[in-house]
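Below are two complexes that have chain A in common, paired first with chain B and then with chain C.
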Partner chain A sequence: MTRTAQPWRRRHVLAGLAGALSAGFAATSRAAPSGKPVRVGSTLSLTGPLAPTAIIHKISGEIAVEMINKRNGFLGRPVEWLLLDDQSKPEVARSLYEKLITVDKVDLITGPYATAPILAAMGVAQRYQKFYVQNSMGIPKHLTYEMAFPATPFGSEPDKTFPKVLLDAMASTATPPKSIAILTSKFPSAQFMALGTREVAKERGLNVALYLEYEFGTRDFGAMAARVKDANADFLWVGSLGLDSNLLLEALKKLDYAPKRHFHLYPAPGPLALSPDGDLALSSTFLEPAPPFLDRPDVPELAKEYKERATKANVPYTELDAQGAGMYSQWQILEQAVNGAKSLDDKAIAQWLKKNGATTIYGKLRFDGPFNHGDPAQLVKQVQNKKWVVVWPTAFAPPGVKLIAP
Partner chain B sequence: MTAHRAISGAGIGLAVCLLALLPLAGLPAFYDSFLYIVFYWISLATSWAILSGFGGYFSFGHAAFFGAGMYTTATLSVKFGVPFLVTLPAAAAVAASLAVGVGAIVFRLKRLRGELFALLTLAVSFILATIILNTPIDGGAGILTSSVPLPHIMPSPSQTIYLLGMLMCVGTLALAYIVAHSRLGLGLYAIHDDEDVAEVKGVPTFRYKLAAFAISAAIAGAVGGVHATYVGFLTVSETFGITVPLYVVLMSVLGGARHWLGPAVGAALIAASLYTFTSGDQAMIGRGLVALVLIVAILILPDGIVPSFLRWRARWTAQRATAPLPPVEAPQPAATPSGGDRPANAQDSGIDRPVALAIRDARKSFGGLQALRGVTLDIHEGEILGLVGPNGSGKTTLINVITGHFPLSSGEIRLGGAPIQALPAHEIARRGVARTYQIPRPFMHLSVLDNVAMAAAFGSADHGRAASIEEARRWLDFTGLRAKESALPAELNLHERKFLELARALSAEPQLLLLDEVLSGLNPTEIDHAIALIRQIRDRGTTIVFVEHLMRAVVELSDRIAVLNEGTLFALGEPGSVMRDPRVVSVYLGKAHAA
Partner chain C sequence: MPSFTLLGQSLVSGVLVGGLYGLVALGLSLSWGLLRLVNLAHFAFAFLGAYLVYQMGTSWHLSPWWAVLLIVPLFFALGVVQHAIFLYFRVVELTSLLVTFGISVIIESALQWIWTADFRRFETPYASVSLKIGAMYVPVVELIGCIAAAGLAWATWAWLRWTYVGKALRATAEDPEIAVAFGVNQRFLSFLLSGVCAAYAGIAGAFIALISTLAPSQIWAWLGVVFAVVIIGRLGNPLGALIAGMLIGAAESVAMATFSPAWAPVVSFSALIVLLLWQPDWL
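Right after this comes the complex of A and B.
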């Protein structure tokens, strides 16, 4: 049942050796965590339809725990991650969080992956007044619990802030789009962003030539592709999940239509980047394993380690992306909040975090805004030479990389 | 027996009370949650089985009714501020109304049985999901229900949800038990095995299916209402996904869908298995292992755990019996006044008695084929009318239109002076018409006793459950099948199955008995036995129409013979004269035989 991050045990040995040998082992320069482990419980959808994404979180979380234990653990104690499988079922997630809290009696909890399990678990956290940090909730307004915190900097109104970032990027090109076609899955977080984009586009004076919603799980995009072609907007915005984008682009290709510029909200990153139809596709991100992010602490090690483990686990896309980065950020927040508060008391941790914020691989995060959200930091990335690169804001683009707008 | 029942009832009541108070025992709250999930699945699986397990109408659309309940509660409580408990009956009512609406259409269409019904219910689920997704009910954004205030029935919200789930579960099981042991249940079991025969035996199939569908959906709706607050956030894709229909089918099949307790056992095992391998390191292997165990269990116990256990227990009990049961001889029918000869005169044959069944210009077409071309015939009270004719002459069709199995194309049929041609088959059965089938069509999953008892329950006498069992045993004694009352029809030989048909028809206490080639396939001794039985039946005052190819029996038994040829009444009269009629000999028997 218990999944213990193993390295801390090795660290005892290494610590002893380090004392006897020299100070050349930089990694052992700090005291190794010792004592009774701090147990942190959470669930991920390791089986069921959400499993392909949850494995990314698992890999990243394991790396995070190992790195925390390489440092000083929590309050000098090693961290043990008790990870359970919620089977992609919100009701199972809810009951497993109750198990973690009332049976396993973990010291702390962190959130699962995906909106429904996150909200199901949040209710449990609220009942037991547990500090609750999660990283993949795309609709901040639903995080109504005062001790629920985001690990990914969506900002409190990403439906308003990110469309502005994206349309700023478009406006910066030589030929800014005058019309936009919006096509979105009726998945809550995608639809939420699509509605916001429509409003911002209207405010910016863009002609919304098409607004179309399709059901989650749609596989036949033929009819929708025809509507997109008819609209022939300057900019196609797709509130896609997973392989929706690939399927839509293939359907458009069959109609001999290539969208001029196209954005995809939550695509499967690998398949879209590698598809011939995905060239110059745009998407959102918070971090990519490239400069300038590689200058941030932990990012190079995380990116390297993640790639190795993802390859070993046969994850289709082995580069560190927003999912993996979010999970790492979640653990960093927990580490800083616990050690900062010098306590495992949930309220103390929450208060400390709200007051001090945290510095993660996403940079400095604040939690003093609505729904405990701080500033948004959503970026625009683009497929160039079959790789995702950040293109906007330009300050986050690797040297020599620019937004390409045909 | 009454004391035993009282003790059992008190025990169950005590167990329910203890279960209700379990959250106050100081166990970790996880167990409230875990047990709620078990109760939730038991309720859903059992509700599914009331229509699909008992009645055999396999539904893949249970998510539609469950989802209708979830969204009713979510909408009423979140958007309109209706108190949570008030939303639960509304959730049940909305789901039941949906089921009645769907059932009122699809249950009228014979072609929508079996897999088509399953697909149709799946389509209902998709359609409802589409409507909810594309209207303000959800609109795609989902509904947050975690803030819905729960009543303070128990100290904490999770304990309250536990209690509601438990009450829902106990109520569902009680309802399933009541249905299974009621006329509705007996009718549903018969519908499951052979709906057409059930209707002809007096089961109001349409009404029963509709009732089962409504009960099943209402429970699912109410369960959905409670679950809406448990999950905290509703989305269309998760609510109307394949999880609920898939799990309820799997649970019911594992436990035994035809038994009231079967789905509960299957649900408890599978729900518990969800929590068996939850560790992050074992997740994949654990799920695979659970799936493997389920596959093996279903392969080994295709009828489900509960029915298999009950059969095993029955065999074990039988083996422990100290002395074997004495062989039971078929009772020899008493000598009849007419002995082995046909009636000597018209007075004996009863043709001067009032007309029991009057058929006027009965016509029946199947597309271009005219099976009956205007048959007019009177059948008198207490007579045995032999109905003969070559294959395809319309004999069985005539029986089918009399019993209401087929509607008449035109013409009139009167039973005791009242027209019956427009009545549904079950109503005709209730008015005292019973039949046997040329190829026996027993209800294959009902015991011999239940086969006969159900006919007694739904026949003209309107017996209650206990009285129908008593009545069934009487007719099993009469036909010599009492020793096999616990057997399934598959364990009977042809002779016994024919007699089961007879017992089933007789237990309905018919005024008019239609015997369709009841002697075919029997050996001479069995035929003699059957002829004696038929005489005895007539002696009890029952009017008999006797379709038979075996001329010896026809001549021996019949007061009159009607000959059908190409859908018309070709000859009618006293057996001797009809059989000597050269036209009958030519058309039916053939010239060589006549010579």
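Right after this comes the complex of A and C.
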């Protein structure tokens, strides 16, 4: 007993020594950043209607900055994130970026959350010729500034590419849908995707039984629910934002109608996944905290840390999702571009990024396509057991998980 | 061409939603018509009531119907305090717009501070329950809201028409000096009516919590359509507010069913513009 224990113990001592030596080596080769901080300025919608999603970006961004500072910071200097509240208003975002650049004199800027504030801030970035990376611009063709880069792989034409992915998923089921009802908010990025989906659906021979647009902020879904029920299509596609989907499904339930299959574009992830009406709802994503994504560098740590902080911040859905991942990717891109260009000069950073691309939690991203976009990587996710899981393409689904199509 | 079932269902939905418009409009109409105060804070009070019902329901598991019993006296007191401030600062019809806009912004900020900007949904077991009448489905909560709106509108109309206090209130609105000369206690009545209007906002808030999604910024989403309801229904006319609310709700809903949902907001303002140009005697 004692004899057998000795080699075991010896192996552990040796392993411990080796570990200590390698940790010491890592510590010396990766010195903590020092010197004057590199100040990065941005805004997020910490209050107002976009706040429920912006809090996800804030948590993820704070984790990203901490992890960058645990590595080597930017050019060996610590990173300081100066974050302001744009109140979900594009005009406020515009003024605050002006302030960040001219009054606070930040070294670099990153984009806010959501299409309208992103566009507003892009104008300021362009005027001052600042490098500009953002992660939630839903209409790539509007990203016309040559130094503006996306951190999320929408591709340059998501209105054409993603509907194909989604309808491929539907076509793979035992009973592919023959008709589709499309209901969309007039919010620009939702409307843009709805129009694309209608075209792709027509090309594929689906009967577009209903196409409706409603104002952003609509309160009453009763009459729209009646029209959806009346159309009784095989597949309901909703260009929703926030809680629109919950309200629509609730209104449909009041009419004793449950859509056969239903997709929701940009829903608040928690409320829909946790709602009794949200079971088997489909949506789009780029990454979820499950295999095979957990094999990618940084994803397990980010997912764990995000869950802890989101729980503390009372965020309804505490799992990392595409919103949080996008923000993390944004900081990864900035880190690689600054350290790769070995400069804080905006033009040098943009040139380096365009030439070399970046490796983020979304994988290798390139920026040499139209509007600085690379390949699209949008996936289909589904609510199963009150949790979002990737179901299509099947290569990205966790083991044992399949698209459920009633 | 939409089916009869679709049109019928849309009408039912529209009338019921219109009942809620009427309920929210009731206090605003009375305040504007009889006190000559354009109380924008009425919307903020309604949402404050909605959040309180939500909080009592989710934290204390208090039924919204019991919550209303607490909210009515609380909001009556709030209305009285607000009116005392108006009298102290000599707020009149035009300045009331600015002052109550400020109060609304303060309440919105307070709601955001306490409940954050997150959307809140008061989940109740009866939220999705409907009655099936023929081919139509009638959502129960909306129906109760509509019945409450009709009951309050009728009771208020009867109070104004047949009681001494009601007649005194109308007389004061018509000609304050003559009313005072006839012994009407204008000051007391204005406090009473202000309290009643705020209490109505609290009741409307309870139904907003049950039917709608809560976010502090939603205060402003109701403003346009409810203003149209108040003006079309005639200032200070409780039954008018209810009928106008139902008509606008039904018109919006039918527009959604026959044309596009995006046309719905156009309906209320088009009706308002037409009526203002036409200027019928009853307006």
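Operating definition for what follows: the second predicted complex is superposed on the first by the 378 of 406 C-alpha atoms of A that agree within 3 Å, B and C clash if a C-alpha of one lies under 4 Å from a C-alpha of the other, contacts with A are read in each partner's own complex, and residues count from 1 in each chain.
We adopt the following convention: a residue touches a chain if its C-beta (ideal position, glycine included) is under 8 Å from a C-beta of that chain, and two chains touch if they have at least 3 such contacts.
From a predicted model like this one, the values you see are computed outputs, not experimental measurements.
Engineer: Scan A:Ala268 for contacts with chain B and chain C and give back first, second, both or neither.
Structural biologist: The answer is second: A:Ala268 touches chain C but not chain B.
Engineer: Given the touch rule stated above, what does A:Thr47 touch, chain B (first), chain C (second), both, or neither?
Structural biologist: both
Engineer: First (chain B), second (chain C), both or neither: which does A:Gly217 touch?
Structural biologist: both
Engineer: Identify the partner contact of A:Met122: answer first if only chain B is touched, second if only chain C is, both if each is, neither if none is.
Structural biologist: first
Engineer: Pick one for A:Lys186: touches chain B only (first), chain C only (second), both, or neither.
Structural biologist: Both partners.
Engineer: If we overlay the two complexes on their shared chain A, which of chain B and chain C does A:Asp230 touch? Say first, second, both or neither.
Structural biologist: After superposition on chain A, A:Asp230 lies in contact with chain C alone.
Engineer: Under the stated touch criterion, which partner chain does A:Ala171 make contact with: chain B (first), chain C (second), both, or neither?
Structural biologist: After superposing on A, A:Ala171 lies clear of both chain B and chain C.
Engineer: Check chain A for residues that touch chain B in one structure and chain C in the other, and list them.
Structural biologist: 47, 186, 213, 215, 217
Engineer: Looking at the complex, which residues from chain B come into contact with chain A?
Structural biologist: These residues of chain B touch chain A: 28-30, 32-34, 36-37, 40, 129-130, 133-134, 139-142, 144, 146-147, 156-158, 227, 230-233, 235-238, 243, 274-275, 277-281, 283-284, 286-287.
Engineer: Within the complex, which stretch of chain A touches chain B?
Structural biologist: So the residues of chain A in touch with chain B come to 1-3, 43-44, 46-47, 58, 83-87, 89-92, 94-96, 98-99, 101-103, 115-116, 119-120, 122-123, 126-127, 142, 144, 186-188, 191-192, 213, 215-217.
Engineer: Which of the residues in chain C come into contact with chain A in the complex?
Structural biologist: Going through chain C, the ones touching chain A are 2-3, 5-6, 9-10, 13-14, 16-17, 112, 116-119, 121, 127-130, 132, 137, 139, 142, 212-213, 215, 217-218, 221-222, 252-254, 256-257, 260-262, 264-265.
Engineer: Can you check the complex and tell me which residues of chain A touch chain C?
Structural biologist: Residues in contact with chain C: 47-49, 51-52, 88, 186, 212-215, 217-220, 222-227, 229-230, 242-243, 246-247, 250, 253-256, 268, 271, 277, 316.
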